[in-house]
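Everything below concerns the one structure shown next.
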Amino acid sequence: MDNVITQANPHTSTAPKITLIPSNSLLTETPEAGRQLAVEMARLIIKLTQPDEEKRKQIRATYGNDAMMLIAAGQTVATEFATIAAANNYWHK
Amino acid sequence: MDNVITQANPHTSTAPKITLIPSNSLLTETPEAGRQLAVEMARLIIKLTQPDEEKRKQIRATYGNDAMMLIAAGQTVATEFATIAAANNYWHK
Amino acid sequence: MDNVITQANPHTSTAPKITLIPSNSLLTETPEAGRQLAVEMARLIIKLTQPDEEKRKQIRATYGNDAMMLIAAGQTVATEFATIAAANNYWHK
Amino acid sequence: MDNVITQANPHTSTAPKITLIPSNSLLTETPEAGRQLAVEMARLIIKLTQPDEEKRKQIRATYGNDAMMLIAAGQTVATEFATIAAANNYWHK
Amino acid sequence: MDNVITQANPHTSTAPKITLIPSNSLLTETPEAGRQLAVEMARLIIKLTQPDEEKRKQIRATYGNDAMMLIAAGQTVATEFATIAAANNYWHK
Amino acid sequence: MDNVITQANPHTSTAPKITLIPSNSLLTETPEAGRQLAVEMARLIIKLTQPDEEKRKQIRATYGNDAMMLIAAGQTVATEFATIAAANNYWHK
(Lines give C-alpha, C1' and ligand atoms only; values in the text may rest on other atoms or scores of the structure.)
Protein backbone atom coordinates (compact mmCIF):
# COMPACT_ATOMS: atom_id res chain seq x y z
CA MET A 1 0.00 0.00 0.00
CA ASP A 2 1.19 3.51 -0.72
CA ASN A 3 2.04 5.87 2.08
CA VAL A 4 2.44 9.63 2.10
CA ILE A 5 5.98 9.75 0.69
CA THR A 6 6.46 6.68 -1.51
CA GLN A 7 4.35 4.46 -3.70
CA ALA A 8 4.20 0.75 -3.03
CA ASN A 9 5.73 -1.42 -5.74
CA PRO A 10 3.02 -3.94 -6.57
CA HIS A 11 5.67 -6.44 -7.75
CA THR A 12 7.90 -6.47 -4.69
CA SER A 13 5.74 -5.25 -1.82
CA THR A 14 4.83 -7.97 0.65
CA ALA A 15 3.45 -5.64 3.30
CA PRO A 16 -0.03 -6.67 4.41
CA LYS A 17 -2.70 -4.12 3.59
CA ILE A 18 -3.53 -2.00 6.64
CA THR A 19 -7.15 -1.14 7.39
CA LEU A 20 -7.25 2.65 7.86
CA ILE A 21 -10.79 2.99 9.29
CA PRO A 22 -11.90 0.20 11.65
CA SER A 23 -15.40 -1.06 10.77
CA ASN A 24 -15.23 1.16 7.65
CA SER A 25 -17.55 3.81 9.07
CA LEU A 26 -17.32 7.26 10.67
CA LEU A 27 -20.50 6.70 12.68
CA THR A 28 -20.27 5.98 16.40
CA GLU A 29 -22.81 5.64 19.18
CA THR A 30 -21.37 8.37 21.39
CA PRO A 31 -18.95 11.31 21.35
CA GLU A 32 -16.56 9.26 23.50
CA ALA A 33 -16.51 6.46 20.92
CA GLY A 34 -16.02 9.08 18.19
CA ARG A 35 -13.03 10.45 20.06
CA GLN A 36 -11.50 6.98 20.32
CA LEU A 37 -12.03 6.54 16.59
CA ALA A 38 -10.18 9.82 15.98
CA VAL A 39 -7.20 8.53 17.98
CA GLU A 40 -7.33 5.21 16.12
CA MET A 41 -7.48 6.84 12.68
CA ALA A 42 -4.52 9.08 13.51
CA ARG A 43 -2.60 6.04 14.77
CA LEU A 44 -3.29 3.95 11.67
CA ILE A 45 -1.86 6.63 9.34
CA ILE A 46 1.32 6.55 11.40
CA LYS A 47 1.33 2.75 11.22
CA LEU A 48 0.95 2.95 7.44
CA THR A 49 3.95 5.27 7.22
CA GLN A 50 6.11 3.31 9.67
CA PRO A 51 4.87 -0.32 9.63
CA ASP A 52 7.73 -1.61 11.82
CA GLU A 53 6.22 -2.03 15.29
CA GLU A 54 9.59 -2.05 17.04
CA LYS A 55 10.54 1.30 15.49
CA ARG A 56 7.18 2.80 16.43
CA LYS A 57 7.79 1.79 20.07
CA GLN A 58 11.21 3.49 20.02
CA ILE A 59 9.67 6.58 18.49
CA ARG A 60 6.99 6.65 21.13
CA ALA A 61 9.54 6.48 23.94
CA THR A 62 11.04 9.70 22.59
CA TYR A 63 7.96 11.66 21.83
CA GLY A 64 6.11 10.84 25.06
CA ASN A 65 8.58 13.15 26.77
CA ASP A 66 8.54 15.94 24.22
CA ALA A 67 5.90 18.62 24.74
CA MET A 68 5.89 19.77 21.13
CA MET A 69 5.19 16.28 19.82
CA LEU A 70 2.46 15.67 22.39
CA ILE A 71 0.81 18.92 21.31
CA ALA A 72 1.21 18.12 17.61
CA ALA A 73 -0.32 14.66 18.09
CA GLY A 74 -3.22 16.37 19.83
CA GLN A 75 -3.66 18.70 16.87
CA THR A 76 -4.01 15.76 14.49
CA VAL A 77 -6.57 14.05 16.73
CA ALA A 78 -8.51 17.33 16.90
CA THR A 79 -8.66 17.51 13.09
CA GLU A 80 -9.78 13.88 12.72
CA PHE A 81 -12.38 14.40 15.44
CA ALA A 82 -13.83 17.46 13.66
CA THR A 83 -14.64 15.25 10.67
CA ILE A 84 -16.07 12.43 12.78
CA ALA A 85 -18.21 14.84 14.83
CA ALA A 86 -19.65 16.39 11.64
CA ALA A 87 -20.32 12.91 10.20
CA ASN A 88 -22.35 12.10 13.33
CA ASN A 89 -24.14 15.46 13.23
CA TYR A 90 -22.52 16.08 16.62
CA TRP A 91 -24.55 13.21 18.11
CA HIS A 92 -27.72 15.31 18.24
CA LYS A 93 -30.74 13.10 18.82
CA MET B 1 -6.09 1.85 25.38
CA ASP B 2 -4.37 2.74 22.14
CA ASN B 3 -2.71 6.09 21.70
CA VAL B 4 -1.58 7.92 18.58
CA ILE B 5 1.70 6.05 18.08
CA THR B 6 1.28 2.57 19.56
CA GLN B 7 -1.49 0.07 20.08
CA ALA B 8 -2.27 -1.19 23.55
CA ASN B 9 -1.57 -4.88 24.11
CA PRO B 10 -4.80 -6.27 25.53
CA HIS B 11 -2.88 -9.07 27.28
CA THR B 12 -0.32 -7.01 29.18
CA SER B 13 -1.81 -3.52 29.46
CA THR B 14 -2.89 -2.60 32.96
CA ALA B 15 -3.42 1.08 32.27
CA PRO B 16 -6.86 2.23 33.36
CA LYS B 17 -9.07 3.38 30.50
CA ILE B 18 -9.05 7.16 30.23
CA THR B 19 -12.30 9.00 29.55
CA LEU B 20 -11.61 11.31 26.60
CA ILE B 21 -14.79 13.43 26.72
CA PRO B 22 -16.09 14.26 30.22
CA SER B 23 -19.87 13.62 30.47
CA ASN B 24 -19.67 12.09 26.96
CA SER B 25 -21.23 15.10 25.26
CA LEU B 26 -20.13 18.12 23.23
CA LEU B 27 -23.06 20.21 24.46
CA THR B 28 -22.48 22.92 27.04
CA GLU B 29 -24.66 25.62 28.56
CA THR B 30 -22.44 28.52 27.55
CA PRO B 31 -19.50 29.47 25.27
CA GLU B 32 -17.30 29.73 28.38
CA ALA B 33 -18.13 26.14 29.38
CA GLY B 34 -17.51 25.08 25.77
CA ARG B 35 -14.09 26.69 25.89
CA GLN B 36 -13.25 24.85 29.11
CA LEU B 37 -14.34 21.59 27.48
CA ALA B 38 -11.99 22.33 24.54
CA VAL B 39 -9.08 22.74 26.98
CA GLU B 40 -10.09 19.54 28.78
CA MET B 41 -10.38 17.50 25.57
CA ALA B 42 -6.95 18.68 24.41
CA ARG B 43 -5.51 17.80 27.82
CA LEU B 44 -7.00 14.31 27.88
CA ILE B 45 -5.39 13.39 24.54
CA ILE B 46 -2.04 14.41 25.99
CA LYS B 47 -2.79 12.35 29.12
CA LEU B 48 -3.64 9.35 26.91
CA THR B 49 -0.29 9.69 25.13
CA GLN B 50 1.74 10.30 28.28
CA PRO B 51 -0.17 8.73 31.21
CA ASP B 52 2.65 9.31 33.72
CA GLU B 53 1.56 12.35 35.75
CA GLU B 54 5.06 13.07 37.04
CA LYS B 55 6.42 13.24 33.48
CA ARG B 56 3.58 15.51 32.39
CA LYS B 57 4.46 17.92 35.22
CA GLN B 58 8.11 17.98 34.10
CA ILE B 59 7.01 18.59 30.52
CA ARG B 60 4.78 21.42 31.60
CA ALA B 61 7.60 23.14 33.49
CA THR B 62 9.50 23.29 30.20
CA TYR B 63 6.78 24.30 27.85
CA GLY B 64 5.26 26.99 30.05
CA ASN B 65 8.33 29.06 29.23
CA ASP B 66 8.50 28.31 25.52
CA ALA B 67 6.52 30.65 23.29
CA MET B 68 6.24 28.20 20.42
CA MET B 69 4.71 25.50 22.60
CA LEU B 70 2.29 27.94 24.21
CA ILE B 71 1.17 29.01 20.74
CA ALA B 72 0.90 25.41 19.50
CA ALA B 73 -1.19 24.42 22.53
CA GLY B 74 -3.44 27.37 21.74
CA GLN B 75 -3.81 26.14 18.15
CA THR B 76 -5.03 22.74 19.34
CA VAL B 77 -7.56 24.31 21.72
CA ALA B 78 -8.79 26.51 18.86
CA THR B 79 -9.40 23.44 16.68
CA GLU B 80 -11.24 21.55 19.43
CA PHE B 81 -13.31 24.64 20.19
CA ALA B 82 -14.36 25.00 16.52
CA THR B 83 -15.97 21.54 16.73
CA ILE B 84 -17.64 22.22 20.09
CA ALA B 85 -18.97 25.59 18.94
CA ALA B 86 -20.49 24.01 15.80
CA ALA B 87 -22.02 21.21 17.92
CA ASN B 88 -23.72 23.84 20.07
CA ASN B 89 -24.82 25.84 16.99
CA TYR B 90 -22.68 28.64 18.41
CA TRP B 91 -25.02 28.89 21.42
CA HIS B 92 -27.67 30.73 19.41
CA LYS B 93 -30.97 30.75 21.30
CA MET C 1 -8.30 25.39 36.65
CA ASP C 2 -6.90 22.74 34.34
CA ASN C 3 -4.69 23.69 31.42
CA VAL C 4 -3.65 21.74 28.35
CA ILE C 5 -0.89 19.69 29.99
CA THR C 6 -1.78 19.27 33.67
CA GLN C 7 -4.89 19.06 35.78
CA ALA C 8 -5.45 21.48 38.61
CA ASN C 9 -5.41 19.93 42.07
CA PRO C 10 -8.63 21.12 43.68
CA HIS C 11 -7.07 20.75 47.15
CA THR C 12 -3.95 22.81 46.66
CA SER C 13 -4.65 25.11 43.74
CA THR C 14 -5.09 28.74 44.73
CA ALA C 15 -4.95 30.13 41.20
CA PRO C 16 -7.92 32.38 40.47
CA LYS C 17 -10.21 31.04 37.77
CA ILE C 18 -9.52 32.72 34.42
CA THR C 19 -12.40 33.76 32.21
CA LEU C 20 -11.68 32.30 28.76
CA ILE C 21 -14.34 34.15 26.72
CA PRO C 22 -15.00 37.76 27.75
CA SER C 23 -18.76 38.47 28.04
CA ASN C 24 -19.33 34.72 27.52
CA SER C 25 -20.48 35.13 23.92
CA LEU C 26 -19.10 34.70 20.41
CA LEU C 27 -21.38 37.39 19.01
CA THR C 28 -19.94 40.80 18.13
CA GLU C 29 -21.35 43.88 16.44
CA THR C 30 -18.74 44.02 13.67
CA PRO C 31 -16.01 41.96 11.97
CA GLU C 32 -13.42 44.22 13.59
CA ALA C 33 -14.78 43.44 17.06
CA GLY C 34 -14.86 39.74 16.13
CA ARG C 35 -11.21 39.92 15.15
CA GLN C 36 -10.33 41.53 18.49
CA LEU C 37 -12.22 38.75 20.27
CA ALA C 38 -10.18 36.16 18.34
CA VAL C 39 -6.95 37.78 19.54
CA GLU C 40 -8.31 37.92 23.10
CA MET C 41 -9.41 34.28 23.11
CA ALA C 42 -6.01 33.15 21.82
CA ARG C 43 -4.33 35.27 24.50
CA LEU C 44 -6.45 33.90 27.34
CA ILE C 45 -5.50 30.29 26.50
CA ILE C 46 -1.84 31.30 26.74
CA LYS C 47 -2.57 33.05 30.04
CA LEU C 48 -4.26 29.88 31.34
CA THR C 49 -1.18 27.84 30.44
CA GLN C 50 1.33 30.36 31.77
CA PRO C 51 -0.45 32.43 34.45
CA ASP C 52 2.74 34.22 35.57
CA GLU C 53 2.54 37.70 33.98
CA GLU C 54 6.27 38.38 34.37
CA LYS C 55 7.15 35.18 32.49
CA ARG C 56 4.68 36.02 29.74
CA LYS C 57 6.39 39.40 29.27
CA GLN C 58 9.79 37.70 28.96
CA ILE C 59 8.36 35.23 26.46
CA ARG C 60 6.88 38.04 24.43
CA ALA C 61 10.20 39.89 24.25
CA THR C 62 11.65 36.80 22.56
CA TYR C 63 8.89 35.90 20.21
CA GLY C 64 8.21 39.42 18.95
CA ASN C 65 11.49 39.12 17.06
CA ASP C 66 11.02 35.60 15.76
CA ALA C 67 9.25 35.31 12.40
CA MET C 68 8.12 31.73 12.94
CA MET C 69 6.40 32.55 16.21
CA LEU C 70 4.73 35.64 14.77
CA ILE C 71 3.38 33.51 11.94
CA ALA C 72 2.27 30.71 14.30
CA ALA C 73 0.44 33.21 16.53
CA GLY C 74 -1.28 34.50 13.40
CA GLN C 75 -2.34 30.95 12.52
CA THR C 76 -4.03 30.52 15.91
CA VAL C 77 -5.88 33.84 15.60
CA ALA C 78 -7.02 32.79 12.10
CA THR C 79 -8.50 29.56 13.49
CA GLU C 80 -10.29 31.33 16.36
CA PHE C 81 -11.62 33.95 13.94
CA ALA C 82 -13.04 31.28 11.62
CA THR C 83 -15.25 30.07 14.50
CA ILE C 84 -16.29 33.59 15.54
CA ALA C 85 -17.10 34.58 11.95
CA ALA C 86 -19.29 31.48 11.49
CA ALA C 87 -21.03 32.19 14.83
CA ASN C 88 -21.89 35.68 13.56
CA ASN C 89 -23.00 34.34 10.16
CA TYR C 90 -20.18 36.47 8.74
CA TRP C 91 -22.00 39.62 9.91
CA HIS C 92 -24.50 39.42 7.03
CA LYS C 93 -27.47 41.71 7.70
CA MET D 1 -4.38 47.06 22.46
CA ASP D 2 -3.86 43.51 23.62
CA ASN D 3 -1.91 41.07 21.50
CA VAL D 4 -1.69 37.30 21.64
CA ILE D 5 0.81 37.06 24.50
CA THR D 6 0.36 40.14 26.70
CA GLN D 7 -2.40 42.47 27.69
CA ALA D 8 -2.05 46.18 27.06
CA ASN D 9 -1.77 48.32 30.18
CA PRO D 10 -4.45 51.00 29.77
CA HIS D 11 -2.50 53.37 32.02
CA THR D 12 0.86 53.29 30.26
CA SER D 13 0.12 52.14 26.72
CA THR D 14 0.51 54.87 24.13
CA ALA D 15 0.39 52.58 21.11
CA PRO D 16 -2.21 53.71 18.58
CA LYS D 17 -5.04 51.25 18.07
CA ILE D 18 -4.47 49.13 14.96
CA THR D 19 -7.38 48.40 12.66
CA LEU D 20 -7.40 44.63 12.15
CA ILE D 21 -9.91 44.40 9.27
CA PRO D 22 -9.72 47.21 6.69
CA SER D 23 -13.19 48.62 5.88
CA ASN D 24 -14.54 46.42 8.72
CA SER D 25 -16.06 43.84 6.37
CA LEU D 26 -15.25 40.38 5.02
CA LEU D 27 -17.14 41.05 1.78
CA THR D 28 -15.21 41.71 -1.42
CA GLU D 29 -16.21 42.13 -5.05
CA THR D 30 -14.01 39.33 -6.37
CA PRO D 31 -11.98 36.27 -5.26
CA GLU D 32 -8.80 38.23 -6.06
CA ALA D 33 -9.83 41.04 -3.71
CA GLY D 34 -10.74 38.42 -1.10
CA ARG D 35 -7.28 36.91 -1.41
CA GLN D 36 -5.68 40.34 -0.93
CA LEU D 37 -7.83 40.83 2.17
CA ALA D 38 -6.60 37.48 3.54
CA VAL D 39 -2.97 38.62 3.12
CA GLU D 40 -3.80 41.96 4.75
CA MET D 41 -5.58 40.38 7.72
CA ALA D 42 -2.65 38.01 8.32
CA ARG D 43 -0.25 40.96 8.09
CA LEU D 44 -2.21 43.11 10.55
CA ILE D 45 -2.09 40.41 13.25
CA ILE D 46 1.68 40.32 12.88
CA LYS D 47 1.76 44.12 13.06
CA LEU D 48 -0.33 43.99 16.26
CA THR D 49 2.15 41.55 17.80
CA GLN D 50 5.26 43.40 16.63
CA PRO D 51 4.28 47.07 16.13
CA ASP D 52 7.89 48.22 15.51
CA GLU D 53 8.15 48.68 11.71
CA GLU D 54 11.96 48.55 11.72
CA LYS D 55 11.95 45.17 13.48
CA ARG D 56 9.32 43.80 11.10
CA LYS D 57 11.59 44.75 8.16
CA GLN D 58 14.51 42.90 9.75
CA ILE D 59 12.34 39.89 10.38
CA ARG D 60 11.16 39.91 6.80
CA ALA D 61 14.72 39.96 5.47
CA THR D 62 15.31 36.69 7.31
CA TYR D 63 12.13 34.86 6.58
CA GLY D 64 12.00 35.73 2.87
CA ASN D 65 14.89 33.29 2.45
CA ASP D 66 13.57 30.53 4.69
CA ALA D 67 11.36 27.95 2.99
CA MET D 68 9.63 26.84 6.19
CA MET D 69 8.55 30.37 7.06
CA LEU D 70 7.34 31.06 3.54
CA ILE D 71 5.25 27.90 3.72
CA ALA D 72 3.94 28.72 7.21
CA ALA D 73 2.93 32.21 6.11
CA GLY D 74 1.09 30.61 3.21
CA GLN D 75 -0.75 28.33 5.62
CA THR D 76 -2.03 31.32 7.61
CA VAL D 77 -3.21 33.10 4.47
CA ALA D 78 -4.99 29.89 3.39
CA THR D 79 -6.86 29.76 6.71
CA GLU D 80 -7.89 33.43 6.57
CA PHE D 81 -8.98 33.00 2.95
CA ALA D 82 -11.19 30.01 3.84
CA THR D 83 -13.20 32.29 6.17
CA ILE D 84 -13.40 35.15 3.66
CA ALA D 85 -14.46 32.80 0.86
CA ALA D 86 -17.25 31.33 3.00
CA ALA D 87 -18.37 34.85 4.02
CA ASN D 88 -18.69 35.73 0.32
CA ASN D 89 -20.48 32.45 -0.45
CA TYR D 90 -17.52 31.72 -2.74
CA TRP D 91 -18.53 34.66 -4.96
CA HIS D 92 -21.37 32.68 -6.55
CA LYS D 93 -23.71 35.01 -8.43
CA MET E 1 3.87 21.66 -14.13
CA ASP E 2 4.19 24.26 -11.42
CA ASN E 3 4.80 23.24 -7.86
CA VAL E 4 4.38 25.19 -4.63
CA ILE E 5 7.66 27.13 -4.81
CA THR E 6 8.57 27.53 -8.49
CA GLN E 7 6.77 27.86 -11.77
CA ALA E 8 7.46 25.40 -14.54
CA ASN E 9 9.15 26.90 -17.62
CA PRO E 10 6.98 25.81 -20.52
CA HIS E 11 9.96 26.08 -22.90
CA THR E 12 12.44 23.90 -21.05
CA SER E 13 10.36 21.67 -18.79
CA THR E 14 10.28 18.07 -19.92
CA ALA E 15 8.73 16.70 -16.73
CA PRO E 16 5.65 14.61 -17.44
CA LYS E 17 2.45 16.06 -16.08
CA ILE E 18 1.50 14.39 -12.80
CA THR E 19 -2.13 13.50 -12.14
CA LEU E 20 -2.99 14.96 -8.74
CA ILE E 21 -6.36 13.25 -8.15
CA PRO E 22 -6.62 9.65 -9.40
CA SER E 23 -9.85 9.07 -11.38
CA ASN E 24 -10.44 12.85 -11.14
CA SER E 25 -13.13 12.53 -8.47
CA LEU E 26 -13.48 12.94 -4.71
CA LEU E 27 -16.26 10.35 -4.54
CA THR E 28 -15.52 6.89 -3.13
CA GLU E 29 -17.66 3.88 -2.30
CA THR E 30 -16.62 3.67 1.36
CA PRO E 31 -14.89 5.64 4.14
CA GLU E 32 -11.92 3.26 3.86
CA ALA E 33 -11.52 4.06 0.15
CA GLY E 34 -11.88 7.76 0.99
CA ARG E 35 -9.08 7.44 3.51
CA GLN E 36 -6.83 5.79 0.93
CA LEU E 37 -7.61 8.62 -1.49
CA ALA E 38 -6.57 11.14 1.19
CA VAL E 39 -3.21 9.37 1.57
CA GLU E 40 -2.81 9.26 -2.22
CA MET E 41 -3.64 12.95 -2.69
CA ALA E 42 -1.15 13.94 0.02
CA ARG E 43 1.48 11.71 -1.62
CA LEU E 44 0.95 13.16 -5.10
CA ILE E 45 1.55 16.74 -3.89
CA ILE E 46 4.87 15.59 -2.45
CA LYS E 47 5.66 13.84 -5.73
CA LEU E 48 4.87 17.05 -7.62
CA THR E 49 7.28 18.98 -5.40
CA GLN E 50 10.03 16.36 -5.46
CA PRO E 51 9.58 14.34 -8.68
CA ASP E 52 12.87 12.41 -8.24
CA GLU E 53 11.82 8.97 -6.95
CA GLU E 54 15.29 8.14 -5.61
CA LYS E 55 15.32 11.30 -3.50
CA ARG E 56 11.84 10.60 -2.18
CA LYS E 57 13.01 7.16 -1.02
CA GLN E 58 15.96 8.70 0.81
CA ILE E 59 13.66 11.24 2.41
CA ARG E 60 11.30 8.52 3.52
CA ALA E 61 14.09 6.56 5.18
CA THR E 62 14.73 9.60 7.37
CA TYR E 63 11.23 10.62 8.21
CA GLY E 64 9.94 7.14 8.98
CA ASN E 65 12.00 7.33 12.16
CA ASP E 66 11.11 10.87 13.14
CA ALA E 67 8.03 11.25 15.34
CA MET E 68 7.41 14.88 14.38
CA MET E 69 7.36 14.10 10.68
CA LEU E 70 5.08 11.10 11.16
CA ILE E 71 2.68 13.31 13.10
CA ALA E 72 2.88 16.12 10.52
CA ALA E 73 2.17 13.69 7.68
CA GLY E 74 -0.83 12.49 9.65
CA GLN E 75 -2.05 16.08 9.97
CA THR E 76 -1.99 16.55 6.20
CA VAL E 77 -3.90 13.31 5.61
CA ALA E 78 -6.47 14.44 8.22
CA THR E 79 -7.02 17.70 6.33
CA GLU E 80 -7.37 15.98 2.94
CA PHE E 81 -9.75 13.45 4.46
CA ALA E 82 -11.98 16.20 5.91
CA THR E 83 -12.59 17.47 2.35
CA ILE E 84 -13.17 13.99 0.91
CA ALA E 85 -15.57 13.06 3.73
CA ALA E 86 -17.61 16.24 3.17
CA ALA E 87 -17.66 15.59 -0.60
CA ASN E 88 -19.14 12.15 0.09
CA ASN E 89 -21.62 13.57 2.62
CA TYR E 90 -19.85 11.33 5.15
CA TRP E 91 -21.06 8.25 3.26
CA HIS E 92 -24.58 8.58 4.68
CA LYS E 93 -27.01 6.41 2.72
CA MET F 1 1.65 45.15 -2.93
CA ASP F 2 1.66 44.25 0.75
CA ASN F 3 2.83 40.85 1.86
CA VAL F 4 2.31 39.02 5.14
CA ILE F 5 5.08 40.76 7.10
CA THR F 6 5.51 44.25 5.62
CA GLN F 7 3.38 46.84 3.91
CA ALA F 8 4.34 48.08 0.47
CA ASN F 9 5.40 51.72 0.31
CA PRO F 10 3.25 53.21 -2.43
CA HIS F 11 5.88 55.90 -3.09
CA THR F 12 8.91 53.72 -3.61
CA SER F 13 7.56 50.31 -4.56
CA THR F 14 8.14 49.42 -8.19
CA ALA F 15 7.21 45.78 -7.86
CA PRO F 16 4.56 44.76 -10.38
CA LYS F 17 1.28 43.73 -8.85
CA ILE F 18 1.02 39.94 -8.63
CA THR F 19 -2.26 38.25 -9.50
CA LEU F 20 -3.07 35.94 -6.59
CA ILE F 21 -5.93 33.95 -8.17
CA PRO F 22 -5.55 33.16 -11.88
CA SER F 23 -8.75 33.91 -13.83
CA ASN F 24 -10.11 35.50 -10.61
CA SER F 25 -12.38 32.55 -9.83
CA LEU F 26 -12.45 29.50 -7.54
CA LEU F 27 -14.59 27.53 -9.99
CA THR F 28 -13.00 24.76 -12.04
CA GLU F 29 -14.35 22.16 -14.42
CA THR F 30 -12.94 19.16 -12.53
CA PRO F 31 -11.42 18.14 -9.17
CA GLU F 32 -8.05 17.75 -10.93
CA ALA F 33 -8.20 21.35 -12.17
CA GLY F 34 -9.24 22.43 -8.67
CA ARG F 35 -6.22 20.68 -7.23
CA GLN F 36 -3.93 22.46 -9.70
CA LEU F 37 -5.52 25.78 -8.70
CA ALA F 38 -4.79 24.97 -5.04
CA VAL F 39 -1.10 24.42 -5.87
CA GLU F 40 -1.05 27.64 -7.91
CA MET F 41 -2.69 29.72 -5.17
CA ALA F 42 -0.23 28.41 -2.58
CA ARG F 43 2.65 29.18 -4.97
CA LEU F 44 1.48 32.74 -5.66
CA ILE F 45 1.43 33.63 -1.94
CA ILE F 46 5.03 32.47 -1.71
CA LYS F 47 5.87 34.52 -4.81
CA LEU F 48 4.23 37.57 -3.21
CA THR F 49 6.37 37.12 -0.10
CA GLN F 50 9.61 36.40 -1.98
CA PRO F 51 9.28 38.03 -5.43
CA ASP F 52 12.93 37.32 -6.39
CA GLU F 53 12.78 34.31 -8.72
CA GLU F 54 16.45 33.43 -8.27
CA LYS F 55 16.02 33.24 -4.50
CA ARG F 56 12.90 31.09 -4.84
CA LYS F 57 14.90 28.63 -6.98
CA GLN F 58 17.61 28.41 -4.32
CA ILE F 59 14.98 27.90 -1.64
CA ARG F 60 13.38 25.15 -3.65
CA ALA F 61 16.67 23.29 -4.05
CA THR F 62 16.86 23.10 -0.26
CA TYR F 63 13.31 22.22 0.58
CA GLY F 64 12.86 19.58 -2.10
CA ASN F 65 15.15 17.39 0.01
CA ASP F 66 13.62 18.16 3.38
CA ALA F 67 10.76 15.92 4.45
CA MET F 68 9.29 18.40 6.91
CA MET F 69 9.03 21.14 4.30
CA LEU F 70 7.52 18.78 1.73
CA ILE F 71 4.90 17.79 4.30
CA ALA F 72 4.25 21.41 5.32
CA ALA F 73 3.80 22.46 1.68
CA GLY F 74 1.32 19.61 1.32
CA GLN F 75 -0.59 20.90 4.35
CA THR F 76 -1.00 24.33 2.77
CA VAL F 77 -2.22 22.84 -0.52
CA ALA F 78 -4.72 20.71 1.45
CA THR F 79 -6.13 23.83 3.13
CA GLU F 80 -6.43 25.77 -0.14
CA PHE F 81 -8.05 22.75 -1.78
CA ALA F 82 -10.67 22.48 0.99
CA THR F 83 -11.87 25.99 0.10
CA ILE F 84 -11.83 25.36 -3.65
CA ALA F 85 -13.69 22.06 -3.26
CA ALA F 86 -16.41 23.72 -1.15
CA ALA F 87 -16.69 26.57 -3.70
CA ASN F 88 -17.32 23.98 -6.41
CA ASN F 89 -19.79 22.07 -4.22
CA TYR F 90 -17.34 19.15 -4.52
CA TRP F 91 -18.05 18.97 -8.27
CA HIS F 92 -21.41 17.26 -7.71
CA LYS F 93 -23.49 17.34 -10.89
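Per-chain residue numbering starts at 1, and chain names A, B, C, D, E and F are given in the order in which the chains are listed.
Quick note on the criterion: contacts are C-beta pairs under 8 Å (C-beta built on N, C-alpha and C of every residue); 3 or more make two chains touch, one makes a residue touch a chain.
As the structure is a prediction and not an experimental result, all values here were calculated from the model.
Visitor: Counting hops between chains that touch, how far apart are chain A and chain E?
Guide: Graph distance in the chain contact network comes out at 1.
Visitor: Rounded to the nearest 5 degrees, what is the angle of the rotation that puts chain E onto chain F, matching CA atoms?
Guide: 60
Visitor: Quick one: compare the interface residues of chain B with those of chain C and tell me same or different, with half as the dividing line.
Guide: Different; most numbers are used by only one of chain B and chain C.
Visitor: Most remote chain relative to chain D, going by C-alpha centroids?
Guide: A
Visitor: Comparing centres built from CA atoms, which chain ends up most distant from chain F?
Guide: Result for max centroid distance from chain F is chain B.
Visitor: CA centre of chain C versus CA centre of chain F: separation in Å?
Guide: 28
Visitor: Residues of chain F that contact two or more other chains, please.
Guide: 4-5, 42, 46, 59-60, 63, 66-68, 70-76, 79, 82, 86
Visitor: Any idea which chain F residues touch chain E in the complex?
Guide: Going through chain F, the ones touching chain E are 30-32, 35-36, 39-40, 42-43, 46, 53, 56-57, 59-60, 63-68, 70-79, 81-82, 85-86, 90-92.
Visitor: Provide the residue numbers of chain E that touch chain F in the complex, in ascending order.
Guide: 1-7, 19-21, 24-26, 41-42, 45-46, 48-50, 55, 58-60, 62-63, 66, 68-69, 72-73, 75-76, 79-80, 82-83, 86-87
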